[in-house]
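Two complexes, one shared chain (chain A), two partners (chain B, chain C).
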Partner chain A sequence: MDVMTALRTHWDRIAAIAAVVVGLVSLLLGYLGVSDTEYVVKQIPYVISNGLFGIFMLGVGTALWLSADLRDEWRELRALRIAVNEHGMTVRADGRLDAEGVVGR
Partner chain B sequence: MSIPFRRWRRLALKAGASALALGACASLVMAPPAHAADRSFDAVASAYGINNGISNPSFPLSLVLTGSGPASSAHLTSLGGSDAFASFPYPGDTLVGAPGLLSGVFGFSFPNYPLYVATSAGDDPRSANYPGITLSSRSDALVSESRALVGTDVSGFDSTSRVAVDGDDGVTSQAQTVFKTLQFGNVFSLSGVQSLAKVVADGTSGALTRTSELSIGAIDVPGLRIVVPKQTPGTVPLPIPVPGVGQVPPLQFPPMPIPDGGQTLNAPELGFTDGAFTATLPGQPQGRRYVIPTGPVLEAFAAHGMQVTFQRAADTKHGVVAPAITFSTDFPAPPGNPYYNGVTHATYTLGGAFAEVAYDVVNTDTNVTTPPAGDAPTNGIDAAAIPGGASAPGLVPSTNPAALGQVALSPVERANFVALRSSTADTQDLYLVVMAIGIAVLVMGTVLRRLGVLRPWM
Partner chain C sequence: MTTAVREPHIRRAQPRASGRRAPANVAASQRGTDLGVRLLNRGPWRKRDRTIVVGGCALGLFGLGICSWGGGGEVDLSDQLHWLVGGIVSVALSSLGLAYWLLSGLRTVRLETAGVFGAVTANRAPATVAAGSAGLVTAAGMVRYHRPECPLVAGKTVRELDAATIAAEGLRVCGACG
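Here is the complex of A and B:
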């Protein structure tokens, strides 16, 4: 798999990693800003801007990663269904295989 | 397809673990240093221009009518508190707040005192312009300031108060009143009057630097005559500013002849600087001023029915009250009538600008508050500790400091300040919680992924 194919196929994982990195960097920069001054009025903007934005980006990264894993599962399921169909069977709504005259797995 | 996906998973797992480790390490590395110090401040600057007081036996309950102006005040705290006001004439907090109080009691909407502009944190800057009066106020997070100007910058008088956080996280509180010209009826006039109180708190040590001044550029008293002494005094009393310490014998000096001593100065060009009258002497370079004896000047004022007293600068625990000079006079009783009788006593106090910065440096290791270096061990304005309690040589007699109308932090304000500061969570700790939440989001996502998504396929 070349790089472009990997980027196209795993865009969600790459986006997840980028979001996590951005979130962590935002949190670190915010901490640097907060620790640079002792005045609450100066610290609050860092908490709101960097802190909450960092948490949001980490959440986005986590959701994207979970989405990528689910997409993998759907691909596996699709491959299985195709393989089953190729053997002249179908998958019923209750998950059981339905072959010619044979019901059940 | 499954093999590349697993490779990607492993790669992504490693990347995710690296990011987690990076975040954890950064949190440890960036933890507050062992000797970190927290700083808090509560600063006030107030300039009340000239304080007037009028009393008369006919006033009910021996009431003394007071007023001041141009008045300005600014207040700023490290907790985000910021407020300021400017007013002229300033009738006092009671009258300014009366409309709001009456509105609440009677349910009507009473108009606010118009010659008063105030702002608090979060407000936009405000200003008001009336014929001859300009009031402005601004309360930002790092600067709180106000100004009341009467007349123009060239010929009027104004009070300015400003509290600001400096670049080094120090705090500067400054109050100043300037009168370009001031006429007291047909008795005398003053020009170039300046009262300044300034306190600078160092951002590193918290040490306070106090500056105060009261100067009058020119005093014009019709008919004033001053005789220059022929020689310097042989003894000079030594003032002891420490309460409870007895007076020491006066210092002995050999009398020295004074140039041009013995001559009479008619209508000299008088000035006043921090308790001493000055004058230019004939035959001496222009602009050079000499301290002159106080007695003849006071006698000249007394000849016009005016008493003069002076209050030296007073250091408070966290600030300074600028020197003040008070002129008092008695207006003769009016012709007999059923409403208003007797002599009316009036006082006019110039100066007394006030600046204070309560700046604390807290060692986070022990949570012990260390008072800034150089602070006096007094609490609030201690009249007994004011050096002017005993008049120094050549100075105008001192007055009671309570007459200056000075404004310090009230006990309630101080209590709120202490309570808020001690109960406020350190924002650095709060931010560490925010970072922990972020890391927890990542960890929970990973756990959810392994248990809810990957495990069924293992």
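Here is the complex of A and C:
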């Protein structure tokens, strides 16, 4: 799989990793900024900008990763349903399709 | 009651005539070119879901930016705390959008799962259970217990279960019929 194919097929996971990295860097910068001063009035802006933005990016990354899993699961299920409906696939006695798709255990 | 099954948009892309053989880990049901075209879709979300999550995140980012700018310009702690609360609310708002996105996708996946079960087991007889049992069954190799009419045990050789057996074997409830 070349780079462009990987980017196209796993764009959501790559974006998730990027968002988490950005979030962690933002949190680190916020920590460094807060620890650099002892005045609360100077610390609060770091909490708002770096801290909350870092948390926001971590949330975005998590949602992107989970949505990538959901998309993969949905594609697999949809392929199974199309195969069953249109190609008349049958179910073996052990609960598996006559192809390689496991129905469930 | 009628449940509307959502049918997200399927991109009608042209299949690639690469001639490559599908890898072994690709299910046979996915190897057909027609199916390959249908898999090139946007996932289990509708346009409304995308609008909500993008709008929520944009609104949250905008609010966070405003609060960051406003909080940075204040020199009084009590005024800064107001901006801090505003920032927290902004992040919470975007989090709600993200949560809605995930829950909506999960709901569609569950509907699709039910559709697959219904299609697969449409012509199969339910598992037979002897009279007088507790109405719960399992089959060899299973780690969950099911109702006899559950699609996952349809056509299988099952054994009856009672509460003591379920507890002793550590069986968990089926996610489809439980």
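Assorted remarks:
Keep in mind that, in the parts below, the second predicted complex is superposed on the first by the 86 of 105 C-alpha atoms of A that agree within 3 Å, B and C clash if a C-alpha of one lies under 4 Å from a C-alpha of the other, contacts with A are read in each partner's own complex, and residues count from 1 in each chain.
Assume contacts are C-beta pairs under 8 Å (C-beta built on N, C-alpha and C of every residue); 3 or more make two chains touch, one makes a residue touch a chain.
Bear in mind that the values here come from a model prediction, so they are computed numbers and not experimental data.
Once the two complexes are overlaid on the shared chain, A:74 sits against chain C while remaining clear of chain B. By the touch criterion defined above, A:6 reaches chain B but does not reach chain C. Of the two partner chains placed by superposition, only chain C is touched by A:84; chain B is not.
In the superposition on chain A, A:63 makes contact with both chain B and chain C. In the superposed model, A:44 makes contact with both chain B and chain C. Applying the stated contact rule after C-alpha superposition, one finds that A:54 touches chain B and leaves chain C untouched.
Residues 40-41, 44, 47, 52, 55, 59, 62-63, 66, 70, 73, 75-76, 79 of chain A lie at the contact with chain B in one complex and at the contact with chain C in the other.
Of all the residues in chain A, the ones that touch chain B in their complex are 1, 6, 10, 13, 16-17, 20-21, 23-24, 27-28, 30-32, 34-35, 37-44, 46-47, 51-52, 54-55, 58-59, 61-63, 65-66, 69-70, 72-73, 75-76, 79. Across the complex, chain B meets chain A through its residues 1-2, 4-5, 8-9, 12, 15-16, 19, 22-23, 26-27, 30, 32, 36-40, 78-80, 141-142, 165, 169, 424, 427-428, 430-432, 434-435, 437-439, 441-442, 444-446, 448-449, 453-454, 457.
On the chain A side of its complex with chain C, the touching residues are 40-41, 44-45, 47-49, 52-53, 55-56, 59-60, 62-63, 66-67, 70-71, 73-85, 87, 89, 91, 93-95, 97, 99-101, 103-105. Of all residues in chain C, those touching chain A in their complex are 27-30, 32, 35, 38-39, 41, 43-44, 53, 57, 60-61, 64, 67-68, 71-72, 74-77, 80-81, 83-84, 87-88, 90-91, 94-95, 98, 101-102, 105-106, 108-109, 112-113, 115-117, 119-121, 124, 141-143, 151-156, 176.
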